[in-house]
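When the chains are written out, they are named A, B and C in that same order, and each has its own residue count from 1.
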Amino acid sequence: MTEQTVQVETVQNRQTDDAAAMLQVTDLVKHYAGAEHNVFDGISFSVPKGKVLVIVGPSGSGKSTLLRTIAGLEPIQGGTISLDGQVIETGKPGNENSGRAKRPEALRTKFGMVFQSYELFPNKDVLGNITMAPILVQKRKKAEAEREAMQLLERVGLADRAHAKPHELSGGQRQRVAICRALILHPEILLLDEITAALDPEMVHEVLEVVVELADAGQTMLIVTHEMQFARAIADRVILLADGKIVDRSTDPEQFFTDPQTERAKEFLHSFDFKRNRTEQAEEALERFDNE
Amino acid sequence: MFDWSFVSKYAPFFVNGAWMTLFISVFGIALAILTGLVCAGIETAKIPVLKQITSVYIEISRNTPLLVQLYFLYFGLPKIGFVWDAETCAIIGLGFLGGSYMAEAMRAGLQSVPQIQRENAYMLGFSKWQTLTRVVVPQAVGISMPGVVANVIFLIKESSVVSAIALADVMYMAKDLMGMYYNTYESLFMLIVTYLIILLPISILGTWLERRFDYARR
Amino acid sequence: MQGANILLEPGVFPRLLQGLWVTVWIAAVSVGLSIPVGLITGWLMTLKNPIIRFIMRFYLDFIRIMPQLALLFIAFYGIARMSNWNLDATGACVLVFVLWGGAELGDLVRGALQSIPQIQYETAYMLGMSNWQSFVHVILPQAVRRLLPGAVNLSTRIVKTTSLAVLLGVVEVIKVGQQIIDANRFQYPTGTLWVYGVIFVMYFIVCWPLSLVAHALEKRWAND
C-alpha cells in the first residue's frame, strides 16, 4: 500500500512540470462544509494544448466534482488552477460555502462545459441556444453568430434542426447542440462531464463521433466518461481517480486499457470486461446454466 | 384605546357566530365532498352524457362567485316558488361551489395512479370493483388528501359570505358590533382571533399531510 | 316568465354592463398591481435571510388563512380608522386584492424560481453570462411558463372575489342589479331571479375564458 502511494507521487511530480501545459492543476484540495474527509487531497495534473485528457474512475470517485472545480462552479480549499501559465484560481481553506468563483466573463468563456443532462434552454430554439452567449456575452453580431452556429450545426449533422425546440429533439441531438453551444465561444479547453451517460445506447455513437472529430481537429479537452472504448480511442493521457486521489495515470492510453500496470487499474478495468464482447459473455452464461 | 371589557363582554357573540360558521361549513363541506365523489366517479368511469353534465357543472361552479350563487338561490329562486331558509341556501351554495373543487382534488388523486397498476390488478384476476376499491382508491386517497384539506379551508373561508344573506356567522357578528357600537378594533380583533382558532389547526393539519405525502413520494 | 321583461326595460342592460365594467376595472387594476408586488414578494421569499423569511412567511400565512371578506373589513374599517387614511370602499378593495394577489402570486413566483434546476444557472455561468443576463434570458422565461397557468387562474379568483365589493357599498354590477330590482319591485315581482341570473351569467362570461386560457397554457407547456 505504502509502496504504491510513493510510486504515484513520483509520477505526479514528473507531470506537474509540464511546460507546454494549457491547463495546470496543482495540489488541488476540495472539501465540503461539515464533511470529515477532503473530496480531493492534493491532486495535480496538466493538459497540454491540443491534447485530450480522459479521467476515468468508479462512481463516487469525484470525477465530476473535479471538472466542476476546474470550471469554477465550486470553490477549492487548496492548490492552484492555471490556464496558459496564469494562475486563475487559488484555494483558500474555509471558503466551502462561498459558491461559484468570481471569474470575469472573458475567462469563463475560455472553458466550454457540456453537462450530462445537456441543459439546453427550453425557452429558445436550437439556433437561439447556440447564438445566445456570443451575442450577449461576446457582443458579436447576430448575423455573424448565426452563420457560425449554422456551420457548427452542419458539422454535427443538425443543420436541418436549427429551428427545432429542445423538447422536440432526441437526447443525442440535444447533446450535439450543447456541444455546438460551447464551441461557438471558441473555448481554449472543453470540459465534457459524462456527456453520454444519460443517452440511450444507440445515440451514444453519434455524440462520440463528434467528440472524436473535435480531437482530430486539435481541440484541447478534459473528458470524464464511463465509455472505456471511447476513452481508449480518444485519450492522449489517462487519469484513474479513486477515493479522491489519482491512483494511476498514463501517457500511453493503449497500454493503460489493454495492459494496465497497477493493481488499481487492473481491478477497475476488469469490471468493464474489456477484451470480451457481450455475445461471448452470454454464451458463457448459457454454458454455466447448462452445466448446472 | 383598546377596550378589553368590550372584548370579554361580546366574546360570547363570536362563540355563537363560530358555531354558525361551523354548522354551515360542516354540512356544506359534506355536501361538497359527496358532490365531488360523484363527479370524480363519473369522470373516471367516463359515463357518457353524465360526463358532459359534470363538466358543465364544474365550469359553472368554478367560474362564478359564491355571493352571486347565494343571491340567486336566496333572493331569486323564491320568486318562482322555491322557498328555502337561509341555512339551506348557504349549505347548498357551499356544496355547489365546493363540489367542483373537491372533484378536481379527487380526480387528481385517481389519475395519479398509473395505468400499469390497473393492468397489474387485471392480470392478477381482480374484478373491476376489486381493482377500484383495493388498488386504485387506497393509493388515490393519500394523494388527494392535501388538496381536499386545502379545499376544506377554502370553503370555511368562503362561508364568511353567508353573512350577506343574514346568517349570524363570525363575519356577521363583527359587522353587527361595529355597526352598533363603533368598537372597530375590538370587533376586528375578535373576528381575526375567531377565524384563527377555527382555521389554524386545519391549516397545520394540511401542511403536515402535505409533508407526509412528499416524503411518501420520495 | 314575463319577469324576464325587466331586462328589456330601457336602460337596464346598459346599466348592468356599466356595473360589470366597474367590477372588471377593479379586478384588472388589482391584477395589474399584483404583478409587480408578486414578483418582488416571490423574489423576497427565495432569500435566505431569516428575518425576511419570517416576515414573508407571516405575511403569506396571514393573508391565506383570513377570509377575503374579513380582510376587506379589516382594510375598510380598521386601517382607515387607524391611520386617518381616507380609504374609500373601492380603494380598500383594490388594496386587499393587491395584498392578497401579490402574496399568492409571490408564492407562485417563488415556486417557479425554485423549480428551475441549479444546473441551468451553472450553464449560463459557463457561457459567460452575468447574473442579470442569466436571470433575464434564461431563468425568468422558464419561470414565467411555469407560473403563468397558476397566475391566470389567480386572476379568475380575483375577478370572482371582486363580487364582495358590494358588501362594502361599492356600486358595481351586483349593487346596480339590486337598485334595478328595487326600482321595479312592483312592476316585475320575479325580476330578482332574472337580474341575479344575468349577473351570474356575466361573471361566468368574464371568468370562463380565463379558465380556458389557464387550462390551455397548462396543457401546452406540460411537456416542454
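Heads up, the rule we're going with is that a residue touches a chain if its C-beta (ideal position, glycine included) is under 8 Å from a C-beta of that chain, and two chains touch if they have at least 3 such contacts.
Chain labels with UniProt names: A = Glutamine ABC transporter ATP-binding protein; B = Transporter.
Remember, it's a predicted structure, so these values are computed and weren't measured experimentally.
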Centroid-based (C-alpha) most distant chain relative to chain C: A
Closest chain to global C-alpha mean, per-chain Cα centroids: C
Interface with more contacting C-beta pairs, comparing A-C to B-C: B-C
Intercentroid distance (Cα basis), chain B paired with chain A, Å: 55
Distance from chain C to chain A - Cα centre to Cα centre, in angstrom: 49
Rounded Å distance, chain B centre to chain C centre (Cα mean): 20
Shared-contact residues (touching 2 or more other chains) in chain B: none
Complex interface listing, chain B residues touching chain C: 59-60, 62-69, 71-72, 75-77, 79-80, 153, 156-161, 163-164, 171, 174-175, 178, 184-185, 188, 191-192, 195-196, 199-200, 203
Partner chain B, residues of chain C touching it in the complex: 3, 61, 64-70, 73-74, 77-78, 81-82, 156, 160-164, 166-167, 174, 181, 189-197, 199-200, 203-204, 207-208, 211
Partner chain C, residues of chain A touching it in the complex: 71-73, 100, 105-106, 108-109, 111-113, 115, 117, 119, 121-123, 132-133, 136-138, 165, 167, 181-182, 185
Footprint of chain A on chain C - complex, ascending: 119-120, 122-123, 125-130, 133, 137-138, 141-142, 145, 223-224
